[in-house]
Amino acid sequence: MLPALLTMVALAAAAGAAAALATRRSNEDKERLIDEIDALLPQTQCGRCTFSGCRPYAAALANGEANIDQCPPGGNATATALAKMLGHEPRPVDPRYGSVPARPLVAWIDESACIGCVKCIQACPVDAIVGASRFMHTVIAAQCTGCELCIPPCPVDCIVMRPAPA
Amino acid sequence: MTAPLPFATAPAPHVVAPSSVGRVMRQVLYALVPTVALHVVFFGPGLLIQIVLGVVTALAAEAAALRLRGKPLPPFLLDGSAIITAVLLALCLPPLAPWWLVVSGVAFAILLAKHLFGGLGANPFNPAMVGYAVLLVSFPARLLQWLPPNVAGFEPAALSFGETLTTIFTGMPPARFTWDAITSPTPLDALRTDLALGMTMGEAHANALFSAFGGRGWEWINLATLAGGGWLLALRIIRWQIPVAMLTALFVCASIMSAADPGEYAGPLFHLTSGASLLGAFFIATDPVSAATSGRGKLIYGAGIGVLTYVIRTWGGYPDGVAFAVLIMNLAVPLIDRYTIPRIYGHAR
Amino acid sequence: MAKPGVRGGLRLDAHKERSTAQALRAASPAKTLVLPLDQHAGAPAVPLIKPGERVLCGQPIAEPGGTVSAWLHSPASGTIAAIEPRPAPHRLGAPSLSIVVANDGRDERHAESARAAFDQLSPEQLRELIARGGIVGLGGAVFPTAAKLNSALRVQDLRLLINGAECEPYISCDDMLMRERARDIVFGARVLLHALTAQSCVVAIEDDTPQAAAALEAAIADAHDGRIQLRRVASIYPAGGERQLITAIFDVEVPSGALPADVNTVCLNVGTAAAVAHWIRDAQPLTSRIVTVTGDGVLEQRNLDVPLGTPLAALIYDCGGYTSRMSRLIMGGSMMGQSLPHDDMPVIKATNCIIAASALDLQPRAAEMPCIRCGNCSEVCPAVLLPQQLHWYAAARDLDALEMYGLADCIECGCCDYVCPSQIPLAECFRDMKPALNERLAARSSADAARARFEARTARLERIESEQLAALAKKRQELTKKSS
Amino acid sequence: MVALLMVLLSSVLVTTVVLAHMPQWRPFVAPTDIFGGARIIAIVCLVAVPVVALLGWLLARFVLAPWHLEYLRTPALVAIVLIVVPLLDVALRHRHAILPQQPGFALVMSTNTALLGIALITDLRGATFGVAILVAVGGAVALALLLLAFAALYERLQHADVPVVFREAPLALVTAGIMALAFMGFSGLIQE
């Protein structure tokens, strides 16, 4: 009886140790996972997912603190890709986080109304608006990610979203 | 100027080669004609009845499957692929095998091995070989009741066409014969039985079934198969890789083993000219749907079939191994295809 | 396996002798000429004239609308009838903004200022001059030549490849050009060598064009220019594809996604070289090109020197009109040419060939059957793709797999389509799938760019903040020092 | 021989169906699909099965047999699997072969190795060390190849025009049936 007990206890202890080792995730592992998730995100930095940018959302996903359906700019393609990677059940983007645009939109500044306050330039997360104080501003359409972050700060409401030029 | 003339438009290219699936399949059928003809010469008209039974079953099963799947009948029924399946399976069965054997085999092949997987072009396994393997595993004894060749030195029980027909449909030989009187094992089967009895190769070869190369009669049938295969090669319906790789592998295996112990193992020529070696190499393994596609892939696929055929023939429980070898390599085809993707132009390896 | 070399391809019936039997002649002038502003690759040109203005033959009528764009010149003297959308062949009959010139038939020429011999100019001046000639690639891609030369100059040790391998069936305009204007081609090659400061030039032709080869050999010998040599390639379609030709001549492969310049090569069509010669030597801008009119659906099959903007209907009328068997109008060759819905469209810079095809020229397609994985398509694919796999995944719209199997490297040559026993329209299937794949690749690269800008911005903001904090701390320190 | 192949086949069937239908059990990232997963598991099998067999053999020979504890063979083997698999998981993660994620990997793996290991050990009662290792390595190679082949085949069938009622699991079963049929060809190869 004793040898049997001893053998099984020893084996069980070893298995427990191995499992403990396996469940410990190193920091490097975590960074790598976050990078992989970040690579799937559209990089609009719009914050509609309730996180401050794409990478923070990726980090939250890696920690299991967010859902895969929180990225409207990425649309259902991104949601599916995230589900596939993280092993969640695929589902469409949750409308609570915003609607998925049918086609990509970019910001456009009505230059006749712009007063050159530079507030939108400060708001743009990807440096896609050019201009200087008291001169009118312009959105570089090719670099605009359509995050809409420049719209609320504008004091004269001269920024609108338009379909991206072909 | 008058109003512009309207012309019908069409996507490029505007000229394509005049080929079709039906044409490819028909040419394969033509290439089988010499084999079938010599088969009839040496083993009587039984094969023709088997082919008719098989083709009728194949077309009926194909039509039923197409109807069930809601596909249009004419293009698929006339493409000839089902007929090839039936003919190849009939060629593998003994000429006097009872009718339900070929019917169930072909039905199994068409319904289960072909249409279940999505029909023409989607079946991962060679349907004819699936049908044959099912029959071989289920009714091994029936499949070994072959006939003696119609050559000098034998007193073959010359069955008339009517007698052949009744034998196939009743499953009983004509009253004036017993099964033992009219049947004879195939050379491969005879050899394995004799070797199992402890005979050496030399003693086994003294059997009247054997000639210098392989089985008597079989050598001519195989020559016809070779000619048909050569014709397909010349027409570029099939490529050289699979037949050459398969026959080379078989030849090399047989050479090594018979050089090591000539008393125990049959020589390479015997292996090449007996059983379904040549039929397999040119007509069965080359079925494009279930074979590997790239050149290198075809070489691996063919060589795999050759080696497995030799192994199963020599050490396995069944006399011929082509069917099993083809099925096993069919299983490996998606894997082979995946690892033999050629390097795309402008991409680093 | 890793060794480069031309792979795949097809030997096709060339059908060229029909149109090369008769000598080149000028097309009869048309009454109205229609010049689409976007007939070259890149940004559309911007008109320089207004409707009603009088223009002279060779006068610039539109200027480049961007860095990659081209000048446009009036092919005839007359008045500008309109600037309006007209059906355009490169848009398959959809309207495109065009300048319409009413030809007055007087053929008054615009006077170009006298210019120095080309070797007196610096390469930069020469490239600028080439741009002003409105010269674009005449092989069919119509990429502005000057832009190509300028972008290639980021690479050292360039070599010039003049492409005379006209591999597609029916087209014979380059063959005719080489037979009759070989000297222009050689002169153009010398100009281009100077403009590129390149040291060697290969003129590549197919081995089934002996007359063109003889004419080019004589012209090269006359030029006494040791830098230029003639090379023959096997006439296997698509030998004249840019990448295939570079591999055949220089034995290197152009990496996927890269340009010929990345393997130190600038590849230009023989027609482009001849156009350069006409412009630099004779001060004639690109206002006309050689067009092959062929096919069983037109009475007279031949090559003509056609002013740009000539309506296709007028061109066909010039060749005797349609035969009663006419059924399909194709711009380009039989493998890659585009089928046009009607003939009320002009000849543009890209129009190398017009096939008025009858049922005798066309092979009716049989009903499409499922793929039987015969692998014929992958044997002929010059890009060494597996069309059977691409088709399988295209049907399932599996973009991951399409990317992995290299759809982006498909050159749409149609070889796979040609040999397919199941009669699957593979080339069309791949053309349809490419936009979706490109969109996805573009989205990925723009996301990467956005991430880089975002990270740069974040770093900049952090740096500014830390600098401000440091300045604040410094000030505070100074204040405390002062008070103490 | 055939019996061993059938055990391998059932193991492969389970793995592939699990990979296809339970994405949360997939131990790998998006671009790697069913086949990508099968490839990692195949590699792991190649390493894990011989190790498990070796440890099992040593344990049986030097611990269980002297103390007459043969009845503990199966639970002991499961314990060995539970030791080896997480360690492999750690090693693979360290080599960046897999992403650090869900627990599915260890699950699929232990099912497989346990199944195979038990099959091996019941087959190898009284086998010598050399034979045990040889059969373990052979079985591992066979399992890896089978797994890859079946996964590749399964993937190819994903886009096929299969009749609706036979999609997915029924088709996998039919395929496995035909494979079993093909393996009948090996009957008689090795006297059991």
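Order of writing sets the labels: A, B, C and D. Residues in every chain begin at 1.
Basically, contacts are C-beta pairs under 8 Å (C-beta built on N, C-alpha and C of every residue); 3 or more make two chains touch, one makes a residue touch a chain.
Just so it is clear, the model here is predicted, and its values are computed rather than measured.
Comparing the chain pairs B-D and C-D, the larger number of C-beta pairs in contact belongs to B-D. Relative to chain A, the most remote chain by averaged C-alpha coordinates is B.
Chain C and chain D have centres, each the mean of its CA atoms, that are 55 Å apart. The distance from the centre of chain B to the centre of chain D, each centre being the mean of the chain's C-alpha atoms, comes to 34 Å.
Chain geometry summary: the mean Cα position of chain B and that of chain C are 51 Å apart. In chain D, the positions touching at least two other chains are 161. Shared interface positions of chain C, defined as residues touching 2 or more other chains, are 370. The set of touching chain pairs reads A-C, A-D, B-C, B-D, C-D, using the touch definition from the header. Those residues of chain C lying in contact with chain D across their complex are 370, 392-393, 395-396, 398, 400.
In the complex of the two chains, the chain A residues touching chain C come out as 38, 41-45, 53-54, 125-128, 142-143, 145. Only residues 31, 33, 158-159, 161 of chain D touch chain C when the two sit together in their complex. Chain B meets chain D in the complex at residues 68-69, 112-113, 115-119, 122, 124-125, 130, 133-134, 137, 308, 311-312, 315-318, 321, 323-325, 327-328, 330-335, 337-338. If you check the complex, the residues on chain C that touch chain A are 443, 446-451, 453-454, 456-457.
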